[in-house]
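By written order: A, B and C. Residues from 1 in each chain.
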Amino acid sequence: MSTATSTAPAPRRDAPAAEASGIAVRHVLARIGRYVFLCAVLGFFALPLLWLATAPFDDTPTITASLPQFTLDNFRALLDNPYALSSLLNSVYLAAGTAALVVTFAALAAYALSRVRVPGRDALLYGLLLLSSIVTGTATMVPLFELAFRLNLIDSRLGVILILSGGLLPAAIFILKDFMDGTPTSYEESARVFGASPLQIVRHIVVPLVRPGLATVGVWAVANVWGNFLVPFLLLRGPEKAPAAVIMYTLYTEGGQADLRLLSTFSLLYSLPVALMFVFVSSRYGFRFHGGIKR
Amino acid sequence: MSAITMRALTKVYPNGVRALDALDLEITDGEFFALLGPSGCGKTTLLRTIAGLELASGGSVHIGDRAVTQLPPGKRDVAMVFQDYALFPHMTVRENIAYPLRIKKVDRRARGEKAAETADELGLSALLDRRPGQLSGGQQQRVALARAMACHPQVFLLDEPLSNLDARLRLEARTFLKRLQRELGVTTVFVTHDQAEALALADRIAVMEGGRIRQVGTPTEVFRRPANTFVAGFIGSTPMNLVDAEVRDGRLVVAGAPLPVPDDTPVTDGEKLVYGVRPEYLDYTAEAAPDALHGQVVVVENLGSFSLVSLDLTGDGDAATIQVVVPEGREPQPGDSGWVMPRPGRSLLYRDGELVSPAAAPAVPAARAAAAAEQ
Amino acid sequence: MTGRRSETGASPAPDAAGLGRLRATGFLVPSLVLILFFLVVPAAWTIYLGVTNYRLTGLAAANPEIVGLDNYTRALGDERFRTSLLLTLQFVLGSAVIGQAGLGFAIAYALRDRRGPLRRVVEGFVLLSWILPSSVVAFLWIALLDRDGGTLNTLLGIPGTAWLLDHPMLSIIVFNTWRGTAFSMMLYAAALENVPRSHLETARLAGASTWQQLRDVVFPRIRGHVLTNLLLISLWTFNDFAPFLITAGGPEQRSEILPVYVYKVALSGGELGFGAAISFVMLLINLVIALVYLRMLGRRKEKV
């Protein structure tokens, strides 16, 4: 709307009416243009997701998204698959473990970095952040595999948790330090004058104050692990320990014709937790934006 | 006994800034004491060093007869109210007030009762289950005071207690605070950059500059007889007139006008001094008068019940401007020519920035001086 | 505790909780250990492995030998590596710089002063495509682009178009644009809120066109955001493994971007040393990207 009025030149005295109608036309055109653009965006982003919404409830799902013959039978097929449900549990296990580790460690580190002057603190932090955005994932998959092999962490869920935590920690510390820096120190000093010990201060004052930050980092870590394919794909051998990301991939790449009933219901079940978590967090805390929140 | 004694107290930050410079100060038991100075003068550092939030680099602090210099803040038996009150936003008013007792491991019921009792004394009973975010600025300040009172400390430390309140509320809170301190009788030290606040609240004031104390005294003393030109310029809502002067033939020549040397100050002929007199202690007249300074009115500022009139002195040589308080209804117009006469016993002489005038019996009641300062 | 605290201090709040150096260090150690082990060591190890002929199996698995820069000369001479590098640059430019940043900004700009359901729905879908697990969205795209039954061909009425076989790069570029636009959209939405209304109104009163407003008012204000955004999405896209889930580098290595190439060479092909050398080249390229952007950011700060 603003775009239309802005393009109008200064009205001339001799033709105010024509000028005004020109402005109005452009105004309408800009409005229409904007709606068309937004509808196209909506279509582009919604189209691939259609199948996920229809196929799980279709009694004979095809690869095309179409109005389903409604049924819930497909979910029964899921129960029969030996790895489907256990892989979701594996995902929960990996996500919860990593999130707990990342939140705890990052909170302690961020607090120390925020409150005590460590020489070279900012350089260290930026260096690590840069390193983490460069190193995580594919560029170091060879040594990561090697390292896991040497540390006897191949086919170990702990290994996956540790490696993922190492990659997520710098950004997590960065985000949390931001939260802690934004908290006035007078709260802690006040508690200190009343005689509270450092650990009491952390427990009574700091943790409740930065709870939104802890939640943000926790959710962010869960979302990252939940979707991470490469690390468990590299490190976990058997399907018993594989998380949903890996099982999902094997479902459509291995064993000839993919079972679309299984695939669609599994996709939905696997996607729902992160989507729900996201809705919950953004409605509860509002979406706090921090640079580098993903990955 | 909870007097506070500081000896050669020094604080040097790692970056080399000397915030406190071998400072000696005694605050007596039950006193309401102000640390006053411009920002960066070290007053907040001094307060935080008494609290233990900063550790002295040298010297000592005693509270009562206990040496607390090396003690952590929790062991000094002091309570501090921060400038932003530092009320924990995730706790209710009750929990906030009870927090010091929680640290002292008082059981839940006893501390709840104590919190309610303290809240009652400060008129906060209705707010016990609210959170700090739901309170007005004045209420928050009372909660912070209640929290400080709840553990019966030997000393209260207040950091800029009134600066977070809006102007109207500030006057109310000032009266409330002074009354509370009277009733509790606990030694209280507060930091302020506002000289009117210090004059109005404190029993005694320490005026600080650059990590040192420039003067300690009652409000009347620092207002009437600033020990040096720094204090003279800092205290008073309208700063003291400080004009260069020279002694000639036993008279004090100020901007060309010879005045009598005030109060028999020992001076030598030909020496250069600074002549100081508050605008409140000058009388303006439109007719020529003896022993008066003559000038032309340049600005008239109406300040309600009086006006502040600035005159350019028409002496030979260096020009000087002098300000004088004129009661309402007698204001001159800009451009008028007028004379200002110092009241007897109210003029001060400074040599090298330090007061040289001997103390004289006060000719104006202290109450009036304080009232004038508040405006 | 008390003795140490004085050393840590610096104004205005040296150590608000009285943590002390020892405890502060203790707080830092767990994170540093994990980061050291699983971030710094792998990075350093990459450099070492790159100069060996280490293999997953066979003789060289037991006794890897130092082969100097052989891996690097081999890589630079390798047609497949050079093609892969070129494809990766196409992928980054097309899907990150043009696709994600461009589309993200356009959406943020179109929605900038809107509240209400339309904004929530559009943002919701854009975000959904970002937060869903990559293996799910990969299959959704396989299904969408399927030659016979794919929704896209059905909608367009051109069954039989094999998008993934005929246009593999275009497919993964569009896919990654779809996948990652949310980040840029949110960052630019936040940035646009920082552009003061009065500045835009001043420009409009002076008769500036939409394009002139963008160029003269909006971009100078959000330059820092733009650079940060481009830095992050370039790095992420450069290292993105998700296209593997869709095309697996095929057909005939026509969509084999570097992460997929490394995976195939090192872990499928077993040539760990050679793979590490390629990884190291990737690290260097990442570093160059980061330094270029950081320099531009730094220059901007100097100017202000």
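Criterion: contacts are C-beta pairs under 8 Å (C-beta built on N, C-alpha and C of every residue); 3 or more make two chains touch, one makes a residue touch a chain.
These numbers were taken from a predicted model, which means no experiment stands behind them.
Central chain by Cα centroid: A, whose mean Cα position is closest to the mean of all protein Cα atoms. Across every pairing of chains, the maximum count of C-beta contacts belongs to A-C.
Among the remaining chains, C is positioned farthest from chain B, on the basis of C-alpha centroids.
Averaged Cα coordinates give chain B a centre that lies 58 Å from the centre of chain C. Centroids built from CA atoms put chain C at 14 Å from chain A. The centroid of the Cα atoms in chain A and the matching centroid in chain B are 55 Å apart. Residue numbers of chain A whose C-beta contacts span two or more other chains: 186, 189, 191-192.
Multi-chain contact residues of chain C (touching two or more other chains) are listed as 9-10, 14, 18. In chain B, the positions touching at least two other chains are 72-73. Across the complex, chain A meets chain C through its residues 2-3, 5-10, 34, 37-38, 41-42, 44-52, 62-65, 101, 104-106, 108-109, 111-113, 115-118, 128, 130-147, 162-163, 165-167, 169-170, 173, 185-186, 188-189, 191-192, 198, 201-202, 206, 223, 226-227, 229-230, 234, 244-246, 248-249, 252, 263, 267, 270-271, 274-275, 278, 287, 289, 291-295. Those residues of chain A whose C-beta lies close enough to touch chain B in the complex are 184, 186-187, 189-197, 200, 204-205, 208-209, 211. Residues of chain C touching chain A in their complex: 8-10, 13-21, 23-25, 27-28, 30-32, 34-35, 37-43, 45-46, 49, 103, 106-107, 110-111, 113, 118, 121-122, 125-144, 146, 148-152, 154-155, 178, 181, 183, 186-187, 190, 200, 203-204, 207-210, 213, 228, 232, 235-236, 239-242, 245, 258-259, 262-263, 266-267, 272, 275-276, 279, 282-283, 286-287, 290. Chain B meets chain A in the complex at residues 51-53, 72-76, 78-80, 82-84, 86, 88-90, 99-100, 103-104, 151.
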